[in-house]
Each structure stands twice: as C-alpha cells, then as structure tokens.
Amino acid sequence: MMPQDEPKFDELYRELILDHYRYPHNRGVLEKPDVDMQQHNPVCGDEIRLTAIIEDGTISQIEFMGQGCSISQASASMLTDRVTGLELTDVDALSVEFRNMLRGDDPDEQMMQDLMALQGVSKYPVRVKCAVLAWDTLQKALKLK
Amino acid sequence: MKDMSVRSDFPIMDRLIHDKPLTYLDSAATSQKPAVVIDALADFYRNNNANVHRGIYTLSEESTLAYETARVKVANFINAGSEEQIIFTRNTTESLNLIAYAWGRDNIKEGDEILITPMEHHSNMIPWMLLCKEIGCKLKYISINEDGTLDLSNLDELISENTKIVSLTHMSNVLGTINPIKQIIEKANKAGALSVIDGAQGAPHLPVDVIDLDVDLYAFSAHKMLGPTGVGVLYGKEKILSAMSPFLGGGEMIDEVYEDRFTTKEAPWKFEAGTPNFADVAAFGVAIDYLDDIGMDNVRQHEIDITQYALDQVRKIDRDITVFGPKNLDIRGGVLAFDFPGVHPHDVAQMMDWDGVQIRAGHHCAQPLMRRLGVSATARASFYIYNNQEDVDRFIDSLKKGGEFFGDASR
Amino acid sequence: MKDMSVRSDFPIMDRLIHDKPLTYLDSAATSQKPAVVIDALADFYRNNNANVHRGIYTLSEESTLAYETARVKVANFINAGSEEQIIFTRNTTESLNLIAYAWGRDNIKEGDEILITPMEHHSNMIPWMLLCKEIGCKLKYISINEDGTLDLSNLDELISENTKIVSLTHMSNVLGTINPIKQIIEKANKAGALSVIDGAQGAPHLPVDVIDLDVDLYAFSAHKMLGPTGVGVLYGKEKILSAMSPFLGGGEMIDEVYEDRFTTKEAPWKFEAGTPNFADVAAFGVAIDYLDDIGMDNVRQHEIDITQYALDQVRKIDRDITVFGPKNLDIRGGVLAFDFPGVHPHDVAQMMDWDGVQIRAGHHCAQPLMRRLGVSATARASFYIYNNQEDVDRFIDSLKKGGEFFGDASR
Amino acid sequence: MMPQDEPKFDELYRELILDHYRYPHNRGVLEKPDVDMQQHNPVCGDEIRLTAIIEDGTISQIEFMGQGCSISQASASMLTDRVTGLELTDVDALSVEFRNMLRGDDPDEQMMQDLMALQGVSKYPVRVKCAVLAWDTLQKALKLK
C-alpha cells in the first residue's frame, strides 16, 4: 500500500515550474485572436484563458491569462512557450504525449523537453487536472475553430 | 472431492462452538474471510487511512489509490469493459434499489410491466413493489417448475412490449437453481426491456462475464465473496449509467454546486454520494485477488463436488428428507435446503448448533417461494471454498442424531 | 493545553510521511482509529462473523448481539430515548437522503419551502435540491454574517407556514461555526416544520443530547468519530420514524411478503434493507465506548485548547493570513480554514505534505460557501483528540517555510 | 464478544418441553368459546389458535391448536395448563413476568413454576418469538373481548 517512487517536493516544484509561476511567459490577451477560449477546474477554481493567432495551420502567437495554483499557471506558461510556431497536428501529438505522461506513462523525453518538469505531478491525481487545464483549453479551442 | 486446502487461510475455522469444531454452513447468507483480507483491512487503518478523492497529501493519495484500484479489480473480475462501469454501494439490496429509484422513476410509467420470478430474494422483489405502488406499474412472474427450475415455455408471451424491466437471480439462494440467464437476458434485450441480474449468489460462486452475458445491470455483495460487510457492487453498461439520473445526492457525486442548482460527476462517481466505505472496498480488492488466485472455475468445481457428496449422503439417511431444487449439478449451486419430516427447521438448526454445525432455518428472505413450496420455513446448508468433506460428514451425523432425538415427535 | 495522552492509542501516528512524522490535520474529513477499534474489527471477522438476525446458531447470535449492542451504545451516546430510534446507514449523506426520500416525498408539495444555510456541506444541500426539482418546492437560505455566524435577525420571517423542513449543520466543516441549533430547532418545531440537524461535525466533537435539543432527526457518520468507514446514523423521534414510509426495500426490512404486496418491520429495522454493515457497526460500538471513556466534555475542551493555540500561533506569522470563521471559541470548533496570500491552497497542501503535515485544500464540499467567502478554495487544518501542541508547531513551521518558498510569487 | 452463560442444548430442550411437544396438553378447539384468537409468527410460520371459556373473570377452560416448532407448541401447551382457573388479572401479571424472563430478566421462580423450563430460550432471540407466540395470542384475545 506504500506508494512507489515518491516524488520529492523539490522535484514537483522544480525551479522551472516556480520560475514560470513567478515570472510567467506570454501572459496577456491578444487582440483579434483566431481562437479565444476560457476553461476552469471546478474542483479548485483554477482558470485559464487562451488567445492565439493561427496562420497556415501553425500557431504563430499565443498568450494566456488566468489564476490558480502554481501548477496550473506554470503549465499554461510553459504551454505557450512550447506551442508557438508549432503546426496544429504537432500540437495534437504533443498534447496526447503530455496527457499520457501525466497519466503515469513513460514520456518521450525528446518530445517533452521542458515539459518533463511536470512529470512529478502524475503522482498526485488531484493535481493532474491542474497541469492539464491549459492543454484542455487549447484542445477545445482548436476543435471549435 | 479435491480439497481446496484453503481452509487454513480462514482464522475463524479454529473457533469452537459448544466445544465442537466450527462447521460453517451458512455461506449463502455471508461468507467467512481469509486472513489476508482481515489483515489488509486492519493494515489499511493502521497505515493509510484518510478520506479519498481531492486530498492533496500522501495518506489521501494512498487511500484513493487503494479505493480506485479495487474498482479496477472488480471490473476485471466480471470482465466489465472499464472500471467506470463499477459503482460501489452497500450491498446487493442497495444496488437493486438504486436501479428502481434512478432508472425506474425516469423510465417506468403506469401500466408498464416488470417481470421477475417466484424464486427471487426479497431484495429483488420489494424495490419493484415500491416502484409499482408509486407509479402504478405491474409486477409479473415467470412460473416455476416442480423441480425448482423456471418454466420458460411461455417466455415470449410474458415479455411483451409493456415489459420494461426483466430482473432475476443468477442463482437461487434456496433452491440452488442456476438460471439460464443468458437466454433470458437476450430475450429481454431484444424486447427493449432493461435486463437486471441479482448476482448476490452468482458472483461469489460462478465465473461471471458481463460482456458475454450482454446484461444491462448486474448487482452483487462483497460480504458473500470473502470481502467485508458494507460493500455492494452495481455493474452497468456505459450507455445506461451515463443516461441514468443520480440517486443519492451529496458530497463526492457533484461537479459544481450553486445555491439553486448543481451538476454531477460522470458515472460511477455520480452514484457514490458521501464518504464511501473506502477501507472495506480496499479490503474487498484483496478478496478479489484471492478468488482470482484460486480461479472461479475451481470454485465452481469444488462446489459441484461437495454438493454432490452432500446430496448423496442425505439420500442415505433413513428418513423421508425432501431436498428442494434441481438434482442436476450442472444447473445447481452449493445450496441444500431441506425438509426433515416431523422436526421443525428451527429445531433442526438449534440441535445442529449444539454440534457446532451452523445452518440457517427460516424463509431465507424468500417468503413467496416458501409458499409455492408449501412450507413455512426450511433448513438450509450452503457451501463455499473452505468447506470440506468433514464438514458434510459432521452435518450428516448431526442430522441423524437430531432425528433420533426428536424421533417420536414426528407426526 | 492538557495533553489527552491518547495519541499512542492510534497506530497510524507512528507512520512516517516523506521520512517526517505524520501530522494528521484532516479529521474533519475522516478521523483516525484507535487500536481497540481496529482490533475489534479484525477480531470480529476472526471469531464471530455471521449474518445477523434470524440465524438460530451461535455465530449468528453473537453477531446479532454485537450489532444490536452497538445500537444501544449509540442511543446512549446521544441520549436517545431508546435504541429503536437509531437507524444505521452508510454515512451522514445517506441519512439525509433517507429523510428527503422517505419523509420528503410523502410530506412536501409544490410551493413548500425548505430552509437551510449557506454553510451547509453539499450533503445537506443536494438531497433537498433533488427533492425540490422533483416536487417543485423551494430551497431558502438563512443569511450568514461577516464573522461566519448565522444571521438570525429575520428568522421569524424565514420560517413561515410554508416551511416544511429546517435543516442545518451543527458545526460548519469550513468555518468551524457551532450554530445555535437549539434555538433554531425550537422555532422550526413551533412552526410545525421538520427539524433536521446534520451532525457530521457535531457528534464527533460536541456533547449531543437529542432529547434536550428536541430535534426531530439528527444524522452523523461513524468514520469521523473513530469508527470504521461505511457506517452512518440517523436518529429520529419515535413518532416520526414510525409514520415514515420505507426507503430502500429488500431483505431484513420486511415482515410479510406476498407476490403482490408486503408489510414492513417496525423502525429502525424498517429502514435497514439488506445485509447491514454489521462488522463495522460492531466496531463502531467500541469507538463509542472509547469516546465515552474520555468523555465528550473533555474532547470539546481539548479542541478549544488546541484551536486557541493554533489561532494564536497563526496570528504570529508575519503574513496577512486570513482565518475564516468566528474567533470566539465558545462558538467555534477545531477547524481552521485559511487563506495564505499569494499561495494557492493546493500549493499550501502540497508543500505541507512534504513536511508530513496532512491538511486539506479545496472547496470542502461547500462550493456555495466558498463563493460567499469570495475564494475558489481554502486550505484547512482540523483537529481531534489525538492532536497535540507539537502537531500545531509542525503545522506552523511548515506554513512559514512554504511562505518563504513561494515568497516572491505573491502578488 | 463471547456469549456469557451459554445455554446447553439439553437445557433448551429440557425433557419438559419435549414432553409437551410430543404429548401436548389441552390440544383442540372448544365449542362456543368466549374468546377465539389465531396468531402466527411470519418469520417462521408458526401458528397458534386459542379458544377459551371465561367465567366470572376467570379462565375456566382453554384449548390450543397449532403447528410449528417445539418451542412454540410446547409453550402453548404449557400456557393452557398454567392459566386454567386463573383470574384475568393474574394472567396479565403472569404474562408480563414471562415476557420479562424471555427478555433476559431474572424471573420470579415461584410465579413461573414449570414455565422456568423455557428460560433457556432467552439466549436465542430469534426463538423468543416462538416462545411468546401463545402468550401474545392470549393477550390479544383477552384485550379484544
């Protein structure tokens, strides 16, 4: 009944996450965005709004606004960094891989890059929802587009 | 008879009753528990206890993991497609009531029919009677043959377009009859009726494959299959559970709550209101592991062997003992209800108790069946994996002795 | 603060979390269990397990005795007139749903009003919302003051002749507020409304005397008061229980059953359908003995002391920490929900976990209250008899450390 | 959790009970009775019918018919023996004392006399109902009269 491979506190809150939380990248709301989507996690009230410009099937610019815990906000900040310049099909593949990692699967480290910092969250099911909130929002936005 | 040699796994078997070794023959009412299950339960409280879901701390994560892992084990045990089709309730009775309340009140209207059998346990009768009283629907019965099997000759007439629910027991807790449920489910499904199986005596004793059965809903109790008391299961097809209204409301089953409205979680959590019985569910997971290790085919074979032996021995007693239910072990489980001429079942049970033999006497929560059998009560011995030939021998010896004791009171 | 010196009775307190001693501060969600309760449960399965009621053999008599003796203990614990006023359910949530289904559907009609408060747990909201959705009755709210107490200034207007049920929590699981329930019950009774108390946080922490309260129905959970999971209680006045329709139907709750009708047993058995959670109920009886030995006045005093100490220590932290709920310990229990500026409650809980401190973060099944407090979630520490000054000190140390860690993330 | 004072099998089925069961006293149905009452125990189906003649507030004659277990039938047989010739108020007092004994109270042995044979039943709650069935029937009959 003992949990295997306990993540360390400092693992979970690696400097990278805390950095993104303290100094978020791409924080803001774009004017005349192609997609604009807001989602929240009813369990904890975390909120994320994403605005993005899509050109030739590629995300050319993306910004986020929101409030919530360090995981949800840092994850959103990291998402914006990572998907800028990506083709939509690659965004899809990345999103699937990210979710699988948080579900406990061994991730493709090459593909994940910085996002590896969030792997420790997979041990805390309640917080998985925080980590995927931004990705849920993006997926929903792109589907509706 | 192959000995299951699991008896020593069950601590209670060392118990003496009136200085005699315990001969436990009431597993149809509730089963005994192996040490691994008892220890898992105690260890959980000693090491991992915390409320499940939503806790962002180690104990709560451990507790949640144990609870949700048990759900996966139960799903695999009955070959459910996914663990999200497994609802934890208190017992079979609550599972069946959940259907009557949550599905019944949305889908049944006046004049509709619910088809059951006369060999149902009260738990698969009263929920429908309550529903019919409220809505004005009709409860109909499949007939029963002399040998304790169902009379399916007119099934096509019984299941009409008015039939909205067909609900019956996988195995009778009195007759031991194993019903041809697959065939009946198929007819029910075809007619567009909801197919419900009371698996209280099915899941513990027979291999169950809900996908093969194609059953809509299947209910059973942990306490009858080596698990703790206070845990029931309701399996349901995904499309049925997701369309079903909630039943009990409260914590755990909601998504968002405002002062005037709320939204619910998805199934199965939608149906699990309030703090679940997570410690017992975790221990039930261990009971499932234990049964998986033995293999349900072996459980079934053991019960065929021991029941055959018991039937043979009873037949040898020089008394006009009536054994109820089918004689063919292909369609009979390890339940042996009988009438001992001239001795009331209560007296039979009481005299056997003196010999350490624990059998049940009464109506076995099946009063309508008792009436059809023309008796007010019966005595009943029932078997499980820990019972062996010696148990049967002690049962037979005690029965003979009691017969002599009450001998000339027979009339 | 007087040490209760009962801590060593609780085996889980030896547990290490991330190599740190366990500091369990989530007793409002569920309590830990003393060894006597865990052992009683395991011993029951090892020695006395059999289905209760109707069994004419030794094990069943023992099991029934343990089950029914627990009922007597619970009755005495809350000063119920007789044990026949104690119904065993799964949890507080089921107890409240039982009222909404069995009493509500017979006695509530369109336009009737149910009065609750904004500090209710979802379990004392959703059952009434389900009822109102079905019947068309209205859910009304008593207002709440800034300090987390109820605003009773307009209670006489709020309780009108349309008010059929007044239901509120004895103590808030978020604010810690102990409500003046006796006064509100009196008004409800006078107006002819059913008075219902959600005692989930009452019975474990405060002396309760249902006769003195003159309350119609009082609900609580064993798992929050040293007992096993899977056991709830519903106390009811005799005249209310005997007039109430059955809720769940099945074995155990019936008297006579025919193929088209049935009669029920008397209360409380009328409301206990199917095999009850008898092993856990028996162990709950031992938990009640344990609390009786300590004395509920002492439990209450200990919680006043430890909460006062915790409030004082939190105040000393050089941060703008908001503690919710009343400051006066006369009307506050051992619950400490707080807002740590700049750090999300989830992060607070997670960083504390690393220090072995187990607190809850989230909406505490009270989303409407969260909205009134203007927060999406809070962190919450809650205390019980096994907590001591060291626990509070570890909690405070961890809180300070986390503040520094997240320090400049505050905005 | 061990039951105290286990009754012995032969205690429960003392010769006296078995005798009454094998050779019941006052078995039959009176003609033109003053009271005639039938009751049954739904749990096990035991049945008792009592017919009695009441003269000057005294039971002058009483007979029983019925079927069921040894306890219920012997108890009925013993009841008829015991209440014949008793004043109704004494029947009441006796009935109360008998019930109390079966609920586990120490009985007044002087008052109980032969009925003491049924004391062992008090340890088997399910069977208490069998033992009091005849007494329930009598009380109901006298109340309705």
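Remarks
Note that the chains take the letters A, B, C and D in the order they are written out, and that residue 1 is the start of every chain.
Keep in mind that, in the parts below, a residue touches a chain if its C-beta (ideal position, glycine included) is under 8 Å from a C-beta of that chain, and two chains touch if they have at least 3 such contacts.
As the structure is a computational prediction, the values presented were derived from the model and not from experiment.
Across the assembly, the mean Cα position most removed from that of chain B is the one of A. Among the pairs A-C and C-D, the greater number of C-beta contacts is found at A-C.
Measuring from the averaged C-alpha position of chain A to that of chain C gives a distance of 38 Å.
Separation between the centroids of chain C and chain D, computed from CA atoms only, is 46 Å.
Distance between chain centres (mean CA atoms), chain B to chain C: 31 Å. Centres computed as Cα averages put chain A at a distance of 79 Å from chain D. Shared interface positions of chain B, i.e. residues touching 2 or more other chains, are given as 18, 47, 54-56, 58, 256, 346, 350, 353, 361-362, 367.
Multi-chain contact residues of chain D (touching two or more other chains) are listed as 6, 42-43, 124, 126-127. By the touch criterion given at the top, residues 18, 344-347, 350-351, 353-354, 361-363, 367, 370, 375-377, 405-406, 408-409 of chain B touch chain D in their complex.
Residues of chain D touching chain B in their complex: 6, 8-9, 12-13, 18, 21-22, 42-46, 68-71, 124, 126-127, 130. Chain contact summary for the complex, chain D toward chain C: residues 1-3, 6, 42-43, 123-127.
Listed in rising order, the residues of chain B touching chain A in the complex are 43-44, 47-48, 53-56, 58, 61-62, 64-66, 255-256, 282. Only residues 11-12, 15, 17-18, 22, 24, 26, 29-30, 32-33, 37-39, 41-42, 45-47, 49-51, 54-60, 90-94, 96-97, 100-101, 118, 121-127, 129-130, 139, 141, 221, 223, 228-232, 246, 248-254, 256-262, 273-280, 346, 349-350, 352-353, 357-362, 365, 367-368, 371 of chain B touch chain C when the two sit together in their complex.
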